[in-house]
Structure formats: C-alpha cells, structure tokens
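Just below sit the structures, each encoded as structure tokens.
Shared between the two complexes below is subunit A, which pairs with subunit B and subunit C, respectively.
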Partner chain A sequence: MALSPFASRSPSLTVASPNSALRLKASAVPRSTGQAVATKAQSNPERELTEQLNDDVRRKYTKGKKLGEGTYAIVYLGHFREDPSSCVAIKKIKVNAEYKDGLTMDAIREVKYLQELSHRNVIALHDVFSSKDQNLNLVLEFLPGGDLEMLIKDGDIHYGVGDVKAWMGMLARGVWFCHENFVLHRDIKPNNLLIAADGEVKLADFGLARSFADPYLNMTHQVITRWYRPPELLFGAKQYSGAVDVWSMGMVFAELLLRVPLLAGMSDLDQISKICEAFGTPTEENWPGVTQLANYVTDKAVPLQGRDFFLRQFPTAGPVGADLLMSMCVLDPRKRATALQVLQHKWWTAEPRPTKNEDLPRKSGTKKMGDDLARRGGDNDDGPFKNAARQLDFGGMK
Partner chain B sequence: MIEDDIYRTSSQFRLWSYTESSLNTLRTTTNNIASERVRAALRRARERHLSATPSATGTPQPGSDAEEKDIECLTPEEELVLVRYYCEKTVELGDTYRPPLPTNVRATAIQYLRRFYLTNSPMTYHPKSIMACALFVATKTDNYYMSLRSFAEGIPGDTTPDDVIAPEFLLMQGLRFTFDVRHPFRGLEGGVMELSAIAQGQGKPAPHLPQHTPETLKEGILNLAPPAVPASSITDRIGRAHGATRELLKSAAQMTDAYFLYTPSQIWLAAFLIADRPLAEFYLDTKLGGPIDPSAMETDTSNTQNTLSELRTKLLQVLADCAALLQSYTPLSSDPDQMKSLKRIAKKLYHCQNPEKVNLKRDTAAPRLTPAGDGGTVTSESETERLAKKRKLEMESKQRGGHDVFGPELVPDRTRH
Partner chain C sequence: MAANYWASTQRRHWLFTREKLAEVRERLRERDKVTHSQFPLPDQRLLNIYFNQQLIKLGKRMSTRQQAIATAQVYLKRFYTKNEIRQTNPYLVLTTAFYLACKMEECPQHIRFVVGEARGLYPEFITPDVAKLGECEFALISEMSSQLIVHHPYRTLSELQTELPLSSDEVALAWSVINDHYLTDLPLLHPPHIIAIMAIIVAVVFKPSHPGSFGNSAQAALSGTMRDGAGMGMLAALSDKPGSGPPRIQKLVQWLAESEIDIKAVIESTQELLSLYEVWEQYSEKHCKELIGRMVKSKNLDK
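So, the complex of A and B:
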C-alpha cells in the first residue's frame, strides 16, 4: 500500500520514504488549511471558514470569453489573476434540473479522479471552486491544440508513423499512470485525447472513470463508446480490468494508422460481428469462459486472425508496430497486453523514432476544446459519432 | 516512481494530513469563528425580536436577561465529542439498509463528516443534518449507487429526500471538492494474502533480503511466539488476526484522528500489531529484516541493513503511537460516563446553535447571493419566527414518532424565543 516502505524494487530508493513522508507532511501542512486559515480568520470573521477558503481559490482566477457550451457544462477561457498571460479552461458544470439526486455521477467521477491524478499525459485539474447559485467550477489545464479526432479527420493534415508513435506513446503513458493509480478511464477515444500548445497529448473526460473494484465485486458493462468497446464489455462482463482501456487504445492506434475508425458498428450486435470478422470469433478455445458471459452471442465462426492479418492490414506500422497492435487487440482480456507491457514494447525504440513534440502536425482547436470539455461523459453530440454509452446502467451493478 | 510518491499526490495527503498540533490549531480557529458568529446571530435575532414586540417592553422577557450576558458556546473538545457521536450513528444508519451499506461506504461517509467539521462547527451546522447527506454522497463516490428516494426511504423516521440532499453542496464545499478517501482495508487484505502464502510455503522473499527463502519464511511463521488467544493452526491464527484488525479499522480507526495523522498502511499495521503482535512483527521483518544482532553490528552489516534497521526503528515508533491512539477509543454508546457528558454537550448545543443556519433546505431553494462580507441578515424577522415554529412542530412530531435511528432527543425540546 501507499507509504509502505516495502513495495519497490530498490530498497535504497525506498528506505528513506516513510520518514521523508512524515517530514514532508509536517512542512506541507502550514501551506495548506491549517495556517492559511488561522490568518484568514482574523481578516474576515463574517464569512464561514469554508467560504473563505473557497473565496481564496475563486479569486485566483479571472473568467474570460466562452469557449464552448454543451448540455452538461459551459467552458470559459480563464487566467491566473496574478499572471494574465497564463491560460486555463474553466468548466462550469450546470445544475441539472432533471437530476434530483444532487451532483451528477459524471461530475462526481470527473472531480474525484482528476483531484488524484497528476501526470503529464492526463489533463490537469488546477482547482475547484463554487460560484454563486451553487455552481461547480473546474479549473482545468488549457489545451488549445484540439484533439486527435480533428487531426485524423482533417485531410489537409499529413502525418506519418513517427507522429503516430509520438501520440500513442503519450496516450500509453497516460493510461499506464491511471492504471497504476487503480483508475479505469472507460471512455478512451480520439476526441477525448486533447492536445496541449506544446503538442503533448492529454487524456481528458473522466466522467465514466472509476477505481478498480475489489475482487468479485461487479461493475457496469455499459461503458466506453461503442467503436472502442472491447468484446468482454459487449458480452456483458461485470468484472473486468485495465484491459478494457488497452483495447480502446488499440482501436485508437488502428484509427490513427487508417484514418477511419477500424470497427464502426451500427449497434452493439453489429459491433460484435465486426470484431469477429476482423479478429476472429471468440470461443472457449481461444478465450476460456467466454461462453459463460451474459450476452455472449456469435453468428459466424471466423477463425482467429494471425500475425499476417495485422501485417497486411497495417503495413505503415511496420512488423514491430503490427505486433504491438495485435497484442492490444487480443480477444481474451487475460491475454491482452497490459498498459505496462504496451510501454515495454520494442516498437517505441524501433525506427522511426517518435516525432518530437515541436515537430508534430497541429491545428488550432480552442473551440474544439471548449466543445470537448462541455460534453457529458461518454456522450458525443456530432452526428456520425452518436454511438456513445449515454447512460450508465446502475441496475447492472446490483 | 514508488508508491510513496503516488500517495503524496493524493488529496488525502495534500489536504487532509496534519500534525497533532496543526490539527488542534485548525479546530480551535474553526471554533472561534463559529462562536463569534453564533453570538452575533443570536444578538441580531434578539434585537429583531425586541423591536418587533414593543408592547413587551413593560413585561420583562423571561430568560432574556440571562441570555443577554453571554451565550456559552461549545469548546473544540465538545464539538469533537459530538461529531464522534454522529460518526458512530453513521455506522448504525448504514446497518438499517437491506443489504447493509458496505463498510467502505460507511467509512468514507465518516471521514467526510470528520473532514467537514475541521472547518465547520456543529454550532453552525448540526451534525444530524449533515450525516445522512455524507452517507448518501459516499454511496455516489464509492460506486454503491442507489437513488436518493430509496436512500431516504431507508432512513427510519420521516426524513425526506430533500432533507438528505439539502446540505450536499455545503458538504462538498467543506470537503474542498475532494472525494477520494484512502482506506486501510485493502492494505490489510494484501498483507493477509501474503501471510497466507508464506504459511503455505509460497511466500515471495523481498529482493533486498537474500537470506529469506520460501522455506525459511514458512519455518519462521510456524515458530512464532503464540498469540494472546490460542489458535488451532496458523491458518486459524491469521484468520483471527485478520478479523480483529478489520474490527479495529472499522471502529477505532474511523472514530479517532488516525486518518488525519497517519497513512493507510501505518493504520492497518498499527491495528495488526494490536491484534497479534508477534505475527505483525514477523510480517514487518519479511520486509525490513529483523533487528540487527548487536554482536554482528561492528563487523559485517551492510549499508542496506543499517538503513533498513534505522527505518524499522522509526516505523515501529510511528506504529506504536498510532496503536496507542487506536486503543484510546471506547464507543460512546457503551460508556455511561461519556454518554452523560454527551447529553450535557447536546443540551449546551441547543442553546448555541446558530439560528440563521437552521433551515438548510431554504438555503438550497434560494441560494444566497451574498458577496463576501455580508453579515448574513438572511432571515427576516417574520421568517425567523416562522422557522422557529416550524422547527418546534417538526421536533414534536419527531418525538411522537417513536423509533428514530438517531435515538431519542438528547435533551427535551425547549422552544427558542
């Protein structure tokens, strides 16, 4: 567990930690609530302490023009008051009049996980504050480079395998970090992969995220936008792992190479057929236990595709790249690569090298960021992409 | 990246970890602010009341002179007792559901309450109105989803969905919008699995302790000094220690300041030490090596061993402190003396409850648009009267209502004004 001195490979690295943690803790405290509060208290006894703390956070930012609006949120450009040249995105979550049960699950999930995850390839949540009318404001990292979907769809943009390698590397590091923190993202797809001004890819939209369940506890299978949803979820598995995100990553990888979605099913059943056609039909032989899953169906028996298929289908990736993709698209989630195994693959060090961030193709996407962030988790409002897991099925959790 | 680095980025470490003294300072500050505000609010209420009933000037107001002197507010210690009582009630409330709410959900709710009352006072917001909301929010954040309606129906008495949800935003603000709570339960499960594997000769020796093998580990665990309560086999022993530790984590670890002062792994290891000291020490030795033999000290101890031994000494001290904290806990409800003092505190609270914050539902329905510095004359005189009446009626009907999960009122009702 955390702070256990025992967990890691190198004792020399770890041994100092519990104590340095205590030291850090002691020194960290005055900066946080404790002392800040003590000085505040005298300055304004008329405000509740919590309100004062909230005011402090709110006053750190100024709100600028609107960047986008969805049913779920409005996104504004914002700035640090002390440094007006800096940019942040302020996502103001609308109070949902139809939802009577308080703050919605999407908002709770997003806030809960982003508060804990701090990594270069995960969108940063700088602060959260409330404004009048009990609105929740998330101060997020400003990502003006649009998203991967924009780049894939834009025929005027040309990119090569070095660029794909750079983007996929950043995605894989972000996903690995989530899993290392016991968080499943559950909605990885190109338009949730936003791009920073410096070209860095950031995993965004944690509206469907959750932490790993304890063994034997059920989770809902109604997650991940259909085209990126792995076979175990389509078959109704209630116990699953980080392998679901790895499948989605594989689909993004394929889409980056082909510049069209690899498996664009029209319905959940159609999605299963397309998976079978592409990779082979899941059977007890290649996936022990699969026939026991609640929604297991097959129509035609397609033999499992081998390496040749991937080499033929994705020539641009090169043989090593095709191997990596294949390892992410294994039907049986237990045999699929983990995020760590993806990162350890030799494709990353094979030629060509990943493109440097400053040389990656780019596009301005301020408006796109606004729209991406304003979407409800798992939702997607532009026409051809209306295939999202719109509502979580909580009935399935019982 | 090591696990400690990950823990240090958690909100539990960044915002909710304290030293004993910083925790005390914070609670004192919160109490001071709330006391000031209670006095001011009661003064305002009295002034309004007097100006509204000019005819009453001739007849002395019973009790008003006494109240004029000074309202006695709760002390930080009294506030803490009160909050702890409602944390215990949270466990009971979780038990009334079918099936009962999971331990994790209850524990999260309790930590929400404890965190909320670091910067809020029970004089401002009564824990009774916050606790149900904390438990409901915990069902949402801990993936145990149920609708607000069925949650409210599960509460004995006549609590409405609105009652439950009214303080949600207030609570979340008090939590500074951090919902993740790192519990010690998973760490315990992991440790127990490791020990079971060792007992079966399948232990994995730590890479930095080459002297250990699965066989020596198994031999070690089978030859430990016996536990306080005799066990029939090593499996039985591990099982008992597991159960006893879990009970401590569900009770003492929740009801004391353990989460504020220690990390999840320190908490479970401390509880494990209380449950079965030889077994817990053996577990630590499999990670840190045993104590260094003083005779060998001069000659052939490597650097690693020295560092590990140093670490071991420090860790044992921290664990001893944490264990002492856990052992200091006795449930309020099983202790007549504590219950007596709780009743006194509740009675005191009745007189120093901030009258302007009583009705949370109103706050939600028409959010206050008060800019900073507004003293908060939010309720008109007639409104105050109306609220007092409404509250009196509600309380009376509650008392008639018989069974109530919160127990009978701690003090007989007495209407204000």
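So, the complex of A and C:
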C-alpha cells in the first residue's frame, strides 16, 4: 500500500446534517398542531448538534465570485474566513431540484475518491459541507495557474523539454499514486491537469474515476475523452487496468511535445484508424487476444511502428524521451508501461533535468480553473466531440 | 477496494472502541428517553438480522453483489450512530442505504427501480415519490460526512486463500462468516483484516459439517458446533501454547503468531460472532416487523 510521501491534509471533512436529515424526522411531524411544535422542539437540540458541525465547516469559508458554471456544478472562489488572503475553490454540485435521480455518479465518485486520496499531485479536497438549499459543496484546493491545455494552446508561451519533463513528472506521480491506491482516473487529458500557484500540476476531476474491479468483473469501456482513449477501450474491452491511464498520459506527453493533439479522431472509428496509422494495426501477433474484443475492427494493415518512428516524430524529447513515450503507447495494454515503470524510466534523470517549479512558464487561469472544475469530465469543450459516458449506464457500468 | 485502508476515512473516523460506541448510543438514548420507553425495539443484532433480510429482498431482482449489501449495512450502522432510529423511517433509510451502496460499489440501479422494488415490499412505508429517496440520500451522505468508501474483509480473504492455503469449502464458510459479521457491531470495531482472519480461523477450526450446505449465512452450520464448546477449545489454542491441536490448526496458529496480527482482537471478534449465533435463536421476523411498523406508524415517520 502506498502512503503519500507528503504530510496528509488534516481538515476535518465534516458535513453534518443539513435540514434534509432533520426533515426526515421533522417531516414526521404533522404540520399544524401544537403537538407538532412540541415534538419538533424536542428533537431540535440534537439536530442542532449535528447541524452545528456543518455550520462550523461552512462558516470556515466565505464564498466569493463565480469562477465557472457547468451543467453539473458551479464553481466559486472562496476564502478561509480567518485568512481572507487564502483561496479555495468551492464547487457547488447542483442537486437537481426535485432529487429526481438522486446524486449523479460524477458527484458521488468525486467525493468518494477525493475524500481518501491525499497527494501533492492530486487536487485536495479540504472540506465538504451542505448549504441551506441542500446542495453539496466541495471545498477544493485553489489552482490559479490554469491547466496544461491552456499552456499548450497559447502560442505566446514558449516551453522546452525540461518544462515538459517537469509537468510529465508531476502527472506521472499523481497517476502512480492513484493506481497504487487501486483507483483508475479514466479521464486524463490536458484540461484536467490543473496548475497550482507554485507551478505544481494536479490531477483533477474524478467524476469518472473508479476503483479497480475485482478480477473478472466488468467495467464500462465508455470512458476517457476520445483523443486520449486507448485502443482496448475503443475495441470495447470490459476488463482493463491502469494501462488505460498510462495511454492517456502518453497522449498528453505527445501533445505537450507537438502542441497539438496527436490523435484527434472525429469519431470512435476514426480514432481507431488514427491509432493504426500512427502506431500500427493491432493484430493477434502484436497483441494476443485483441481480435476477441467486442468492437475489434481494422481497415488497413499498417505494420507496427518501431523506435525510429518515435525518434523521428518527437525529436525534441531526445532518444531517451522517445523511448519513454513509446513504452506508454504500446498497443497491447499488457506490454504497455505501468505508472511505476514510467516513474522508473531513465528519462527523468537524463539531461536536461526537469525545470524547477518556480521557473516553469505560467499563465493566470482562474477563470479556466472555474470552467475546468465545473465541466462534466469526459466532455470536450468542442461540442461535437463530447462522447464519454457520463450518465448512469445501468447495463455496462459494472 | 479502493484507496489505502491505513490512511482511510474508515480507519480515521469510523472505528470505535466498544466503550465509545456504547457512549454514543447512550447519548442518543438519553436525548429521547420517552420515545425509548414507548417504543422498545429488539436487540440491535436482531434488528440487524431483520435489516439484512430486507436488503437481500430488495436486491433480489437486481442481482446485487454481496459487497453492495455489505456496504449498505455499514452505512446503516454509521447512520444510526448519529441518529436515533426511533426518529427515522428505517424502511426509507435502508432503501436509501441500498441505493447509495449500489452506486458506490459500481452496480448502480435507477432510483425509480429501487423505489419500485421497495414499494412492492413495503407499500405502507415507502411513498412513490422518488424525491424522498433522493432527499434521504443527501441526508445519509451528510451524516456520514461524505466518507463513503468502505473497506471489506472479502478481499483479504481471497488474498489469503492462496497464501495459507484454504480449501474452497473453508473459503465458502469464511465468506459466510464475513456476511454474518455485518449483523454485529464488528464492522465499527475492528479493521477488515481482523475480521477476515477471524472468519478464516472459524472456518478452519469448525470444519463445515455438511460441506456446501451453508447459504448466505454460516449460522446454521456453525451455531451448533460452536455451542458445543469447540469454540472455547479454539480460543484456548489461540491464546497460548502453539503446538497443541491438529496439525492444520497448529499451522494456522503458527502463521498467526508470525503475522503480528492483533490476536486479542481476533479472539474478541470470535466471541462476538459466537454470541450473535446465540442471540439469533430468539430472532423472529414477525416481531421485528411489528415493532418497527408500530413505531413508524404511531410516530408518523413515514410521511
């Protein structure tokens, strides 16, 4: 079991009862009679105790301006009441007005995993509280540096291989930590990699995360935004491993180097052919068992790309960096590098060394953070590309 | 299983000492003595048996995983350390715990379906309005401080199966013992590996008399044997002098001694299980149903 090498955050993580719990009981009380009042008064002291806790947490923060809004959450800037110069992001999850469908899986997963994972490269959840209007509020670490997508797209920002190494190193540590704790992130992409004020990269949006399934139990393959989705998921594999996140990491790596997405498929099928064109066609020879996968299709047989291809395509990474990238882009998930192997790669210690955090290129991206946190994961910002499963999939999501 | 038990919220926030747990419950009772005397309820364990049966019924047509049922049971326990049962509608709470646990264990069910099933079972106590369940879900999450991951002993059992090794009968019996431990306070008192070890010892020491005949619970298979005093023998074997008893058990005891596992906790858990099986004999589904029904109806808790 892995323990975070960093001091664990302490905040209390208390949510005490909102009025709803009270109503569970209070609603037992007939509305009009005097007896009702009496019963209510009787149960009040105890309610106050638990509500007090919640209020204490809520009162620790002040809510500021809105940073972003999505279909599923609104993100506000917040401050510790005691220290107005400190910042947090308060993500208010919209509980649909009538509780029609219960809390979404996204919200549940996010709370579930962030409550347990504490690592320098995973966004910290400081507190959870419920507000009067019965919404769940997640108090998250404030990450004003925007995200990696912003840096990649901004032509005015110049960065070098040392910078890429620093960012990738932080990403790899975050992913390793998740895997070490048996959690798959399942939505790694540049705009889920947020940047803290000190330059640290943090893995955010755990709305698609899940713990490793028990052996032989199925999981849904409808995860990870298409451009970052590995071939096994495109082929409909229902049993998979941390290798899916490693592929996404490889795609992020390539994108950091090229400054455009490496494989921007227009559809799932197009994504498959782009993967084939780039790395070679998956066959029984290079990936035993692949033809058995439910959605296995190929149109043309491209021979497997060797090391030369990576050296040619990614000259900036240098030969050692190209090796690392190649190990993350192996078609057969069983032969793909694990997060741990990624961390153990020679590239990290080769020249140039990773840039120090304080020297990394940066941009202010408070608004971007708001949008990133408010967005439902799995969605691309470009409308037509949104695809990954966000809703309860009662059949497949086992 | 997810995340790391040792750093988990379960270990940090939901593990009680026996004294602490008693104190928490006493405080709940103190606050509302009148209701307590007005509406007596059966022994907590008997209630747990009843709740468990209801959860199994609920899950029947949805082919729910045992692990989700187990998580739901732990949610109920956690919820009722913060809330007096006599101020809730247990049918709504258990349906909600079931619904949330299914989402948590990655076998989600649609809220309408869950409400439909619950309505079918308890038409008097569950309203067709799904918003009620949604609201209760929110309350449940809040009361549990949104600490939702539960670590179960099942995984430890399957991991130790090959290491020890255990026969498939032993594993099946140990599995049932783990199912049974959710009927006690043990999930709030000990970490999952202690429970798994306890279940393994029980399974190895009390060889199932009719292999394969125990179902979800090990009660039928075990209560007789354990009552016959074999249990005491086992406890003695554990507490001192390794080197006595049959070789199979000796080996296990040896393994335990080297494992640095808290043997005292294991013994205590065994005793807890033993007394569960004793209490079980007084169980009457009808009785529980009546008492809860009367309480909910006369306090209008179902509205």
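The rule is simple: the second predicted complex is superposed on the first by the 330 of 398 C-alpha atoms of A that agree within 3 Å, B and C clash if a C-alpha of one lies under 4 Å from a C-alpha of the other, contacts with A are read in each partner's own complex, and residues count from 1 in each chain.
Rule of thumb we're sticking to: a contact is a pair of C-beta atoms (placed from the backbone, for glycine too) under 8 Å apart; a residue touches a chain by one contact, two chains touch by 3 or more.
Here the structure is a predicted model, which means the values were calculated and not measured.
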Legend entry - If touched residues of subunit A are counted for subunit B and for subunit C, the larger one: B
Inset, instruction - Quick one: classify A:Ala213 as touching subunit B (first), subunit C (second), both or neither. - result: both
Inset, instruction - For A:Met105, decide between first (touching subunit B), second (touching subunit C), both and neither. - result: both
Inset, instruction - For A:Asp55, select first, second, both or neither according to whether it touches subunit B, subunit C, the two together, or no partner. - result: first
Inset, instruction - Answer with first, second, both or neither: which of subunit B and subunit C does A:Asn286 touch in the superposed model? - result: neither
Inset, instruction - Answer with first, second, both or neither: which of subunit B and subunit C does A:Asn181 touch in the superposed model? - result: both
Legend entry - Intersection of subunit A interface sets (partners subunit B, subunit C): 1-4, 8, 13-18, 20-21, 24-25, 28-30, 45-46, 50, 54, 100-103, 105, 108, 111-113, 115-118, 128, 130, 134, 136, 181, 210-211, 213-214, 219, 394, 397
Legend entry - subunit C partner contacts - residues on subunit A that touch it in the complex: 1-4, 8, 13-18, 20-21, 23-25, 27-30, 42-43, 45-46, 50, 54, 95, 98-103, 105, 108, 111-113, 115-118, 128, 130, 134, 136, 181-183, 210-214, 219, 392, 394, 397-398
Legend entry - Contact footprint of subunit A on subunit C as seen in their complex: 1-9, 13, 28, 31-32, 82-84, 87-89, 92-93, 99-100, 103-104, 106-111, 130-139, 141-143, 145-149, 155, 299-303
Inset, instruction - Using the touch rule from the top, collect the residues of subunit A that touch subunit B in their complex. - result: 1-22, 24-26, 28-30, 32-35, 37-38, 41, 44-51, 53-55, 100-103, 105, 108, 111-113, 115-118, 128-130, 132-134, 136, 180-181, 210-211, 213-214, 219, 394, 397
Legend entry - Contact footprint of subunit A on subunit B as seen in their complex: 1-4, 6-11, 13-15, 17-19, 22-23, 25-26, 29-30, 32-33, 36-37, 118-120, 124, 136-137, 140-141, 143, 145, 147-148, 161, 165, 168-170, 172-174, 176-180, 182, 184, 186-187, 189-190, 206-208, 263-266, 268, 287-288, 304, 307-308, 310-311, 314-315, 318, 364, 367, 369, 372-376
